[in-house]
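One chain, subunit A, links the two complexes that follow: it is found with subunit B in the first and with subunit C in the second.
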Partner chain A sequence: MLFSSLNFLFVFLPLTLLLFFLVPGKIKQLVLLFTSLIFYAWGEPIYVLLMIFSILFNYIAGLDLSAMAPCRARKIKFIVVVVVNFLILGFFKYAGFFVENLNAILPVEIPNPNLSLPVGISFYTFQTLSYIIDVYWGNVRAQKNIISFAAYVTMFPQLIAGPIVRYSDLQEELDHPRKVSFPAFGEGVAWFLTGLGKKVLLANNIGQTFEAIYALPQDERSMMAAWLGAICYAFQIYFDFSGYSDMAIGLGKMMGFTFPKNFNYPYTAKSITDFWRRWHISLSTWFREYVYIPLGGNRNGTLKHLRNILLVWLLTGFWHGAAWNFIFWGLYYGLLLMIEKYVTGKVLVKLPAVFQHLITLILVLVGWVFFFSESVGVAFTYLKTMFLPTGTIIGSTFVYYLTSNWLPLLIMVLCSCPAFYNVFFNLSKCFGKKAHVARAVGYLLVFAASIAYLVGASYNPFLYFRF
Partner chain B sequence: MAVTKKRKKKTPYRILAATFLATIFFGGALNLIVPDRTYSQEENRNLQKLPEFSMESFSSGRFSQEFESYVNDQFVGRDTWMSIKSRLDRICGKTLFSDVYLGDGALFEEIKTPNEKALSKTITSINDFCTEHADITFSMMLVPNAACIQSDRLPKNAPVRDQNEDIDYFYQEINNRIQKIDLRKTFTEHAEEELYYKTDHHWTSLGAYYAFLQAKDTLGIENAASEYDIYTVSTNFEGTLASRSGIHQFEDDIQIYLPKVETNDYVVEYVDTMTKEATLFQEEKLNQKDQYQVFLGGNHGQISITTTQTSSDVLMILKDSYANSFLPFLTPYYSEIVVVDPRYYTGDLDTLIESKGVDDILFLYNANTLFEDQSLAGVLDYAGTTEEMAKKQQQEAEAQNAADGESDTDAQAEEET
Partner chain C sequence: MNQQPTQTKMLNVYTVIEILLLCGLAVFLVLLLRQEPKTEKSIEDLQTPILKELNLDVMQEGADQDVKRVFGLNAEDYDGICYYMPSSEMDVCELLLVKLKDNDQKAAVVSAAQARLDTQKQNFDGYGTNQTALLEDAIIDTAGGCVLYVVAENPQAADDAFHDAL
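Let's look at the complex of A and B:
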């Protein structure tokens, strides 16, 4: 089920909230678990069993690990648990990829299992792993209440597309649920509607333009059109994914959970390092906490530091999808970060801010080309059109797509900067004591427009489902 | 990642919380109370009904899918929301709505990219069919679409496919025995006139009229009527393009052309519904949304129009809906017109040709439809196969009979039937 669907907004959500707030405190988590299972089974009726298995397995493993004193057996057990989790993820997400590549180099033909990817498996596997690792390290106590643990893993607001909430972030709120006040609920609504608007009004619409430009035959795509296409995609993926995260954070707040912020105006970054502090923060945090730092980070000499960066970014790329272009995309960032760290970093900061922004944005756009192309080869052809002026430079297609999208593009530029939201708040202050009414009206207008687009759109694909 | 928004005053969000909850609860309740519709005139399709729940339908995912369509289809004020959306789209400078361009004074269906596999199959099937029927005269009228003929009225710089190339290719590939009725020159000369509806993907009767003027010589029609009675039967037609785009700023007239000739009597037999009528027009369809159905009441697998001109030829038309408004021009000149719409026809074409004694065959399609169509090739390939199968079976049976002797002929005969 998608948050951005009429079914969620007008059937699932009201029923869930009704049930959640009617039952007394202790049963709330049970309601959350129950509704989350329905939410998941709605789209994945079979794979819900896989998720339940994963919950039971990790619940028992967590209790086991916490009961043992540090010893060799505990370490082995820990490794087995982690490997099992990765095997499940690997089997469902990467088996097809490995079989395909093995078949390409081996003389024998291994049959491709052709499994469909269980929705959200990349997200919930990482969440349960955060729990297991933290329990092993002794950072958190094992959760004795299976309902609480299951509620943590399945919690529908973040189940499908994150943010990746580490167990340690939620432990307190799971063990000691607080009452949700009405204003706090309203704050959740504000987050949710912001996210809904980002996804439905901005991402979906600019996505159509991207699709149209990407679908053009290579010789009909002018240089400017290629740039416009990449820019449209950059906006699409940002508003799609950050919109979904905002909706998740909002829903969490409505039910008394605080999820970490996942995006912090990434396109205002001044360097690639800065960009990754602002983009999909919960994922980079996960890799930093559970891979990069345990490997030693930057403390064991340059060579090991380089190895660690490369490994983390190889994994980051691979996490996004079982295909070479994602690996390439990850390594591209690994390389950029190394260069920034050891070569250009000190030069970059001396440049005027405009150039820092510009260089970062261009590098990010190149990254997106690897990300959206169906293969590395296609990506390079696309980049050739962007950077080598061999064909048409402007072209009528570019003029058409620019003129029929100038307003949405302008809005998206504004919405990518914090300034715009400040303006929204300051403007509402003009209404004096009625400022909060004005703000509410603003949010509700976004809501109404989103409903109009949801009703009118057959076009509602959700990008981050693939991961 | 602690709570960062604490410093903000929380009172403002009370109103938002209350209005949001009110909206989703009342909205949800309203959708529950308001009775479901079974059909959408606006979208010209049946709407999803509440699916029945069963474990089996749920675990296959079918229930979820149907339930989501149900909520979408039955959403209160669906058509109003739709028009709000297209209004917002227009404010943003959009000119393409689904596959419909908002052009200068009219809506235009996008030029479809031919489905290459299907198209090459269609071409092969047409050519084979033509070769197999050497005694029949074939003609092909491929009607270009509005976005091709009136391209200067499209939004500026719109990346619309050049249909001319596709049409050239098609005419070049089909058998030379097929007489080509290429309307592009005629239509371009009259491009300023209303050859197509502003709100619908069909041509107008005026467009069909110009097409007839050009086609009559190719079809060998002599003494064609020189005058027509023109009736305007509707002034408020909003067609499929208006529905698909959600843009309702235009309205069309529907005109009917009746040739002024001495006798133009005929009986229209709808084979699918087994009804007969003395007219091509179904006036009651003017009261519904899709008024183009005034011509023949829409598409039918097979229609036979029998006239009083017993001495004339029998014409078969293989067609899409463009032919529906073209037929009124043809009735005075044939003893019978057999109209087959391959999308709905399931019979054996050869059998039909033989039983009707067909002399001429006219293919009449608009380019967008034909270039994506798969049903014409299907019907053409299927033609004659039942006969062949019957023959083959008979031969086999005979061979078997000869081998088995005469003892079990009865059993064999029974099996064959």
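Let's look at the complex of A and C:
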């Protein structure tokens, strides 16, 4: 079930909130668990069993590790638990990829399991791993209440597309649930509606333009049309994913949980390093805390630092999908970050800010081409159209798509910058004591427009669903 | 004061539970792998028996652009698509049969079909009694690496034909 579906907005969410606030405090987590399982089972009921296994296994493993004194047996158990988690993720997400590649390079015919990917498996596996690792390191106490632990893993607001909420971030709120105040609930609603607007009004709209441009035969796609397509995709994925994250954060706030911010205006970044401090922050944080720093980070000399960067970005790419283009995308960023760190970084900061933005945005757009292309070959063909003036430069398709999309594009440029939101808040202050009413009217307009769009349109994909 | 953990043995009650859970997982995976092999038949072979169960007077064959417009799906992303759309604004009978390239696509196609059905229900809610009744009986089904969405007088017959054809 998508947050931006009518079923969710008008049936699931109202009923869940009603039930959540009607029951006494101690039962709230049980309600959250129950409704989250229904939410998950909506699409793929069979994979609820896999999630229940993951909950039980990691819950027991957490208790087991916390009951043991530091010793070799404890270390072995920890490794086994981590390996089991990765094997499950690997089996469902990567088995097909490995089988296809083995069949291609070896004289073998291994049957492809061809299983559908359990929705959100990458997110909840990383969350349970954060719990196991932190328990092993002694950073958090093992959760003794299985309902609280299961509620953490299954929590529907962030279950299928993050943010990746580390157990340590939520432990306090799970152990000592707070009463949700009316202002906090209102803040949650505002986050949710902002996210809904981003997803439905912006991402869905521009997504159709991107798909139309991407679907053009190569000889009909001019250089400028290729650039426009990449720009449209950059906006689509940003508003799609950050919109979904905002909705998740909002739902969390409505239920008394504080999820970490996942995006911080990434397209205002002045460097690739800066971009990744602002894009999918929860994933970058996870890799930094559990892979990069344990490997030594930048502390053990240049060569090991380079190795650590490459490894982390290889894994980041692979996390996004079992395909070579994602691996390439990850390595592309690893390489850019290494170059920025050791070669161009000091030069870049001396350039005027506008050039820093421009260079960063171009590099990010190139990255998105690897991300949206179905193969590395297709990506290079697309990039060739973008950078080599071998065919039409402008073309009628570019003119058509630009003239029919200039306003949404302009709105998206504005919505990608913090200044736009500051203007909204400052304008609402003109209403004095009724500023909150003015803001509420603004959010209601976004809600009404989103519903009008959802009722009339059947195009409502969600890009990060497949990860 | 917190009690310090003292256990150092590899085997304890938790380990036994973990092993039992892993056995359960192994059984689950075996059962999962044994279910639903992907059909080897082409989309043309699959659609013929289904179309025999439908009244084609109220439907017309849709092009790839119609699939894109109505469902938001790119025909070239799939092994095959058969789409018969309502022949007029007041008709609701339609058929979408998608042969997936891989099972990862299933959720997106089902979601697109569900969104189409919801939209149609909204469109006819309140005044199109016959249409609403047909939409209420609509079937979205998945089997053999295919997704079927059918709105028809007798959608069950079409669904049965779909399963027989796989």
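Simple rule for what comes next: the second predicted complex is superposed on the first by the 467 of 467 C-alpha atoms of A that agree within 3 Å, B and C clash if a C-alpha of one lies under 4 Å from a C-alpha of the other, contacts with A are read in each partner's own complex, and residues count from 1 in each chain.
Going forward, contacts are C-beta pairs under 8 Å (C-beta built on N, C-alpha and C of every residue); 3 or more make two chains touch, one makes a residue touch a chain.
For clarity, every value in this text was computed on a predicted model and none was experimentally measured.
A.B. asks: Would subunit B and subunit C fit next to each other on subunit A once aligned, or clash?
C.D. replies: clash
A.B. asks: With the two structures laid over each other on chain A, which partner does A:Pro408 touch: subunit B (first), subunit C (second), both, or neither?
C.D. replies: first
A.B. asks: Looking at subunit A, which partner touches more of its residues: subunit C or subunit B?
C.D. replies: Touching more residues of subunit A than the other partner does is B.
A.B. asks: Can A:Phe387 be said to touch subunit B (first), subunit C (second), both, or neither?
C.D. replies: neither
A.B. asks: Looking at A:Leu193 after the superposition, I want to know if it touches subunit B, subunit C, both of them or none. Which is it: first, second, both, neither?
C.D. replies: first
A.B. asks: So, does A:Leu115 touch the first partner subunit B, the second partner subunit C, both, or neither?
C.D. replies: Second partner only, subunit C.
A.B. asks: Contact-wise, after the overlay, does A:Ser5 reach subunit B, subunit C, both or neither (first, second, both, neither)?
C.D. replies: So A:Ser5 meets both subunit B and subunit C here.
A.B. asks: Can A:Val455 be said to touch subunit B (first), subunit C (second), both, or neither?
C.D. replies: Both partners.
A.B. asks: Per the contact definition in the header, classify A:Ser396: touching subunit B only (first), subunit C only (second), both, or neither.
C.D. replies: Touch partner of A:Ser396: subunit B, not subunit C.
A.B. asks: Just subunit B (first), just subunit C (second), both, or neither: which does A:Leu56 touch?
C.D. replies: Only subunit C; A:Leu56 stays clear of subunit B.
A.B. asks: Tell me the contact category for A:Tyr342 with respect to subunit B and subunit C: first, second, both or neither.
C.D. replies: After superposition on chain A, A:Tyr342 lies in contact with neither partner.
A.B. asks: With both structures aligned on chain A, tell me which stretch of subunit C collides with subunit B: 24-32, 96-104 or 114-122.
C.D. replies: So the stretch of subunit C colliding with subunit B after superposition is 114-122.
A.B. asks: For subunit A, which residues lie in the overlap of the subunit B contacts and the subunit C contacts?
C.D. replies: On subunit A, the residues that contact subunit B in one structure and subunit C in the other are 5-7, 43, 46, 455-457.
A.B. asks: Contact residues on subunit A for subunit C in the complex?
C.D. replies: Against subunit C, the touching part of subunit A is residues 2, 5-7, 43-44, 46, 49-50, 53, 56-57, 60-61, 63-64, 66-69, 71, 73-74, 76-77, 81, 84, 88, 91, 96, 113-117, 119, 208, 211, 215, 455-461, 465-466.
A.B. asks: Show me the residue ranges of subunit B that touch subunit A in the complex, using the header's touch definition.
C.D. replies: 1-5, 8, 10-21, 23-25, 27-28, 31, 58-61, 64, 67-68, 71-72, 75, 78, 81-82, 84-86, 88, 91-96, 155-159, 246
A.B. asks: Applying the document's contact rule, which stretches of subunit C touch subunit A when the two form their complex?
C.D. replies: Touching subunit A from subunit C are residues 4-10, 12, 14-15, 17-18, 21-22, 24-25, 28-29, 32-33, 38, 68, 70-72, 74, 76, 102-104, 106-108, 110-112, 115-116, 118-119, 122, 145.
A.B. asks: Using the touch definition from the top, list the residues of subunit A that touch subunit B in their complex.
C.D. replies: Touch residues, subunit A against subunit B: 1, 5-7, 9-11, 13-15, 17-18, 41-43, 45-46, 169, 181-187, 189-190, 193, 205, 212, 216, 220, 258-261, 396-397, 399-400, 403-408, 435-437, 439-440, 443-444, 447-449, 451-457.
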